[in-house]
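Both of the next two complexes hold subunit A, though its partner changes from subunit B to subunit C.
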Partner chain A sequence: MSPYVIRRLIALIPILIGVTLLAFLVSRALPGDPARLYAGIQASDAQVEAIRERLGLNQPLYQQYCVYMIGQTCLGESGGGGLIRGDLGESIRTGFSVADDITARLPATIEMVGAGMLFALAAALPLGVWAAVRRGKLIDRFCRFISTLGVAVPDFWLALILMLIFFVFLGWLPGPVGRLDIKAIPPDGPTGFYTIDSLIRGQWETFRNAVSHLILPMIAIGFPAVAPILRLTRNATLSVLNSDYIAFGRASGLRGPPLYLKYVLRNALPGAVTMTGLIVGYMIGGAVLVERVFSWPGVGLYAFASLQANDYPAIQGFVLLSAVTYMLVFLVVDLVQSVIDPRVRLK
Partner chain B sequence: MSALLELRGLEVEIQGLPILRGVDIEVMPGEILGVVGETGAGKSMTARAVLDLLPAGSAVSFRSCSFGGQDFIPVKARQEARGHRIGFVPQRPRGSLNPVFRVGHQLSDALRRLRGLGRRAAKKEALDLLRSVRITDPERVYRSFPYELSGGMCQRVCIAVALAGEPELIIADEPTTGLDVTIQAEILRLFGDLISEHNTAGMLITHDLGVVADVCDRVAVMYAGRVVNTGTTAEIYREALHPYANRLVSIAASLDSGGAPREIPGRVPNPGDDLASCAFAPRCFRAESDCFEQEPPLVDAEGQLAFCHHPLTSEAVSR
Partner chain C sequence: MTNKRYDGRLITGMIMFGFMVAVAVLAPLIARNDPLAIDFGSQFLAPSAEHWFGTAKLGFDIFSRVVYAARYDLLIAVSAVALSIAIGHPIGLIVGYVGGWVDSVTMRGLDVIQAFPAFVLAVGVLSALGEGVWNVILVVGIVGVPTFVRLVRSEVRSLREHSYVEAGRAVGNSRARILLRYIAPGTIGTVATQAAISCGWAIMLTAALGFIGLGVPLPEPEWGAMISEGVQEMVVGGRWWISVFPGMAIAVTVFSLSLIGESIADLVEPTRRKSR
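Showing the complex of A and B:
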């Protein structure tokens, strides 16, 4: 790893400590009592109290936080645990380690968000360039319409509408049953992404199945990203088209796709890349609702269930994951910028 | 000998304003034509019309236009000539190379595009071209990004790009403005040398008559969207027929001999201004009432052509 990357990663540590504190306090501020939810409606007060004791929820807040951060060491006991050892605690709801819970669900979310982002970029970048080149023409007005729509339509609402059309009315795509048909057996592969694993294993039927389940969530999470990237790309392209280097390129015989998709787009890209980073960070939040609509078994659905159960460690784990993702995405954005434009210096 | 580029009655309007009002220009094979005139005369627009690179909202018409015997009025013919038949050298070399690609990549891309070379052959040819524009360390320049090179170096690269398609004509639009004075002379000499080495013709656009004297065979002087005077460089310098051209030459000469900068009184008209029959009449020391009332005739004398009622020679005969 380059010294630059290492420095950037080290700089993340204090920010992440702040995030843990915030996540800790916010989850405690949620209405509801995890011990009572855990014990069930019929449990007696004594039983609830016993559970509270076992979960450590009767300790003072600062002590709970200390245990969360550095484990039993905090109480003067030997033994492990704590965030510094990579232990996110145990989920109150599932009883498993939060880290394991999240790891198991992460590929589903990454597959969905990744596909959504690819969908958004594949639509927004060429359309943005095209709209700028044909400024004021039909395609430009169509793109403005798409942009307005993208801003106006919330992703979970879009998810419901898509489902209504393509599952309920047309019956072209499967309903909200998750990543595969209920009877289908998941491919066992190295990545955890069903589309890629089934391809690696050569299981065509499973691949088709996985893709058909992925399409609607992909559009639902990706569509809201199209508008901002498209608009940014269009405006950046307009100014690139006015540049001396494009004028000289044209005068030296450049035109058509090589002109627009190579020489123009590469210069119009930096804004879109930053926006993409912002959106990927935001998509982790969007995934909560979209996964809920499609019963997509990812970290978003996990976060949703954890919220309902006041599952403090799980909520904290999810917030931390979101924060880490967000910051890593921005590191990647900066690295990509420096690859796109040699004048960008990393310091 | 027939002209390589022959342009008659070129008119350009941008958003309804007349920019070019009937430009006649011809470039003979192998020669370098200098196109001079104050800023705003329409020199760049003339070049851009030939390559169909006018700004959006322009309307173009020609009375006739041909290049190497081919009818050049169809837009397609002019577009297809870019890079292939006509090379272009830009005004601001540093801004004219794409900032995010290595210059070698841009040059070999041009070679692949214009000559259909393969990757390997294009790279080899690109290095040869860089050497032919007198770059002493072509390998390093090949690997450089534009921002790592000086303006003069960028202009050499641009000239190499202009040569890449083995064009019959190279148009250079103020190729030395913005460069250091010492570099300017080098670039001009390079331009002149390359035109003869590569058996092409050149069109050198400049507002600096001093530049013309060194490299151009013939000169076309533009004023307010029209060519008012053409002739061999020697003739124009000896005694230009048109009072405007004549003044430009004498100002350039007095600057050369260390005189104080002088100007022609009055100002250049803007597009859309009401023009006298001869657009230069309001500023002209020889103007009489006919200059304001009748279109100036084309006069032909001593190898020059000029549109003028009162040219600076007694033998001028009206045609």
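Showing the complex of A and C:
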């Protein structure tokens, strides 16, 4: 590993500790009584007291945090548990470990968010370059309209509108029944992404089915991301177009797509990559909303169902894992950045 | 100001936003029904002369509810942004000016808060606090604080190096006076820009929270919660009007705020205009 990577990893440690501390404090120190939340509304006072005892909520806060982080080891006992071993507690609603519950639903969410991101990039990068090249013309105005609109339309509402048009009115795409038709059998594959697994297994019918279910969620979660990437690409392209090396390229006879793809887009890329990191964070939140609309059986729908059931450990687990994922995405973004833009490493 | 051209976006944005504010203020005059009136005889009616936006479950008149919901959504958004500024602006001024360990500690704290996706953090805190208008304002406001701290801080760091500030120091002004009279006024423009953008963002966040049942408790009208009421009806019965109209209200309001935000940004930062 290069010194840059090591530096970035070390810088991550205090933030990780802070994140766990904040998640812990939110769950323990806020006005609501966690023991009562864990126990549910119908529980008697004695039951709540028993749960308080079992969860160690009658111990001092610092000790609770210690147990929360490293489990029983903290009390000098053998035995597992604690965040460090991936223990997020048990879900009240499903009865399973929160970590297992979330892991099982992760592929569905990653497939949707990944597709949404690809959709956003595929739409925004070319449009951004095109808008900059034809600055002030119709296409530029159209792009500006799209990017202002993209900020103003809630993704969950867009999801509903898309469904209204393409499912209820036109009947072209399937309704909100999840990742496949109700009777379809999920492909048995290594990745958990139905589109990829069905391809690997050569199940064309399943592949077609999975894709048709993926289209609307992909657009709904990806559309809000089009605006910022488009805007950024356009502005980056504008400044690159005015630079000396483009003038030189032009003077040397470079024209059209080769110029734009090789020289312009490449220099507009670093900004777009950073933006991608921010957008993933936005999409983790958006997944809760969009998955609810499409009954997409991912982590977001799990979080939504947990909210409905006041399943507190599950919500906290989701919040914490979202933060960790977001941080890892930013780490990856920084590393990618250092590869495409060597100046970053020297800072 | 030598530039006499009016910015069409600012005017359009102002008119649209002014319209929404007027709707909120004049809600009792505009709404044609009581937003909470229950009428089992007229559930799920399509839009008509009687009910402009149709009716929902329990016979709620959607037009009246969209109108009254403007009160909740605008009140929450404006109060939340005011809270973000009230907390974030002073902190940004101080850490930007003082620097040193105060600055480092504060920034690491913000890193931790911003390690959570904003919506997810709001969900986590609100699910512990419980629903209610004041809790939504509190949570949306706090989630918005880091933006203002960072913005003001970076502005202060560049302003404090200016020679007019140096001059102020040279004639013997105290540190507090330098910060308040020399530097703070220079940060107002960017804060105002961000306030407009943040307001739109706060409406989105409020509606998103309402959509998953963490906002203003039913049966009070709120745009996000109203959209949520129509999800099932739209898919099963094709009753589109329940969700469509509240969403349009959100889109119009946020669109107007982003027009305002962008045009103020161009006003206070003329160099931006070159790239347009």
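Operating definition for what follows: the second predicted complex is superposed on the first by the 284 of 347 C-alpha atoms of A that agree within 3 Å, B and C clash if a C-alpha of one lies under 4 Å from a C-alpha of the other, contacts with A are read in each partner's own complex, and residues count from 1 in each chain.
FYI, a residue touches a chain if its C-beta (ideal position, glycine included) is under 8 Å from a C-beta of that chain, and two chains touch if they have at least 3 such contacts.
Remember, it's a predicted structure, so these values are computed and weren't measured experimentally.
Superposition note: with subunit A as the common reference, subunit B and subunit C can be accommodated side by side. In the superposition on chain A, A:A251 makes contact with subunit B only, not with subunit C.
Looking at the shared chain after the overlay, A:L289 reaches subunit C, while subunit B stays out of its contact range. After superposition on the shared chain, subunit A has more residues touched by C, the comparison being subunit B against subunit C.
Within the superposed three-chain model, A:V151 lies in touch with subunit C and out of touch with subunit B [touch as defined at top]. Contact with subunit C, but none with subunit B, is seen for A:S322 once the two complexes are overlaid on the shared chain.
Of the two partner chains placed by superposition, A:Y4 touches none, neither subunit B nor subunit C. The superposition-derived angle at subunit A (between subunit B and subunit C) is 80°, Cα centres, a multiple of 10. In the overlay built on the shared chain, the residue A:V26 is in contact with subunit C alone; subunit B does not reach it. The gap separating subunit B from subunit C in the superposed three-chain model is 14 Å, by closest C-alpha atoms. Considering their complex, residues 243-245, 247-255, 258, 263, 266-267, 340-343 of subunit A touch subunit B. Considering their complex, residues 51, 53, 79, 82-84, 87-88, 90-92, 95-101, 109-110, 113-114, 145, 147, 158, 161-162, 164-165 of subunit B touch subunit A. Of all the residues in subunit C, the ones that touch subunit A in their complex are 108-109, 111-113, 115-121, 123-125, 127-130, 200, 204, 207-208, 211-214, 224, 227, 230-231, 234-235, 238, 240, 243-244, 247, 250-252, 254-255, 258-259, 262, 275. Listing the residues of subunit A that touch subunit C in their complex gives 14-15, 18-19, 21-23, 26-27, 30-32, 34, 37, 148-149, 151-154, 156-157, 160-161, 163-164, 167-169, 175-176, 235, 238-239, 281-282, 284-286, 288-289, 292-293, 303-304, 307-308, 310, 312, 315-316, 318-319, 322-323, 326-327.
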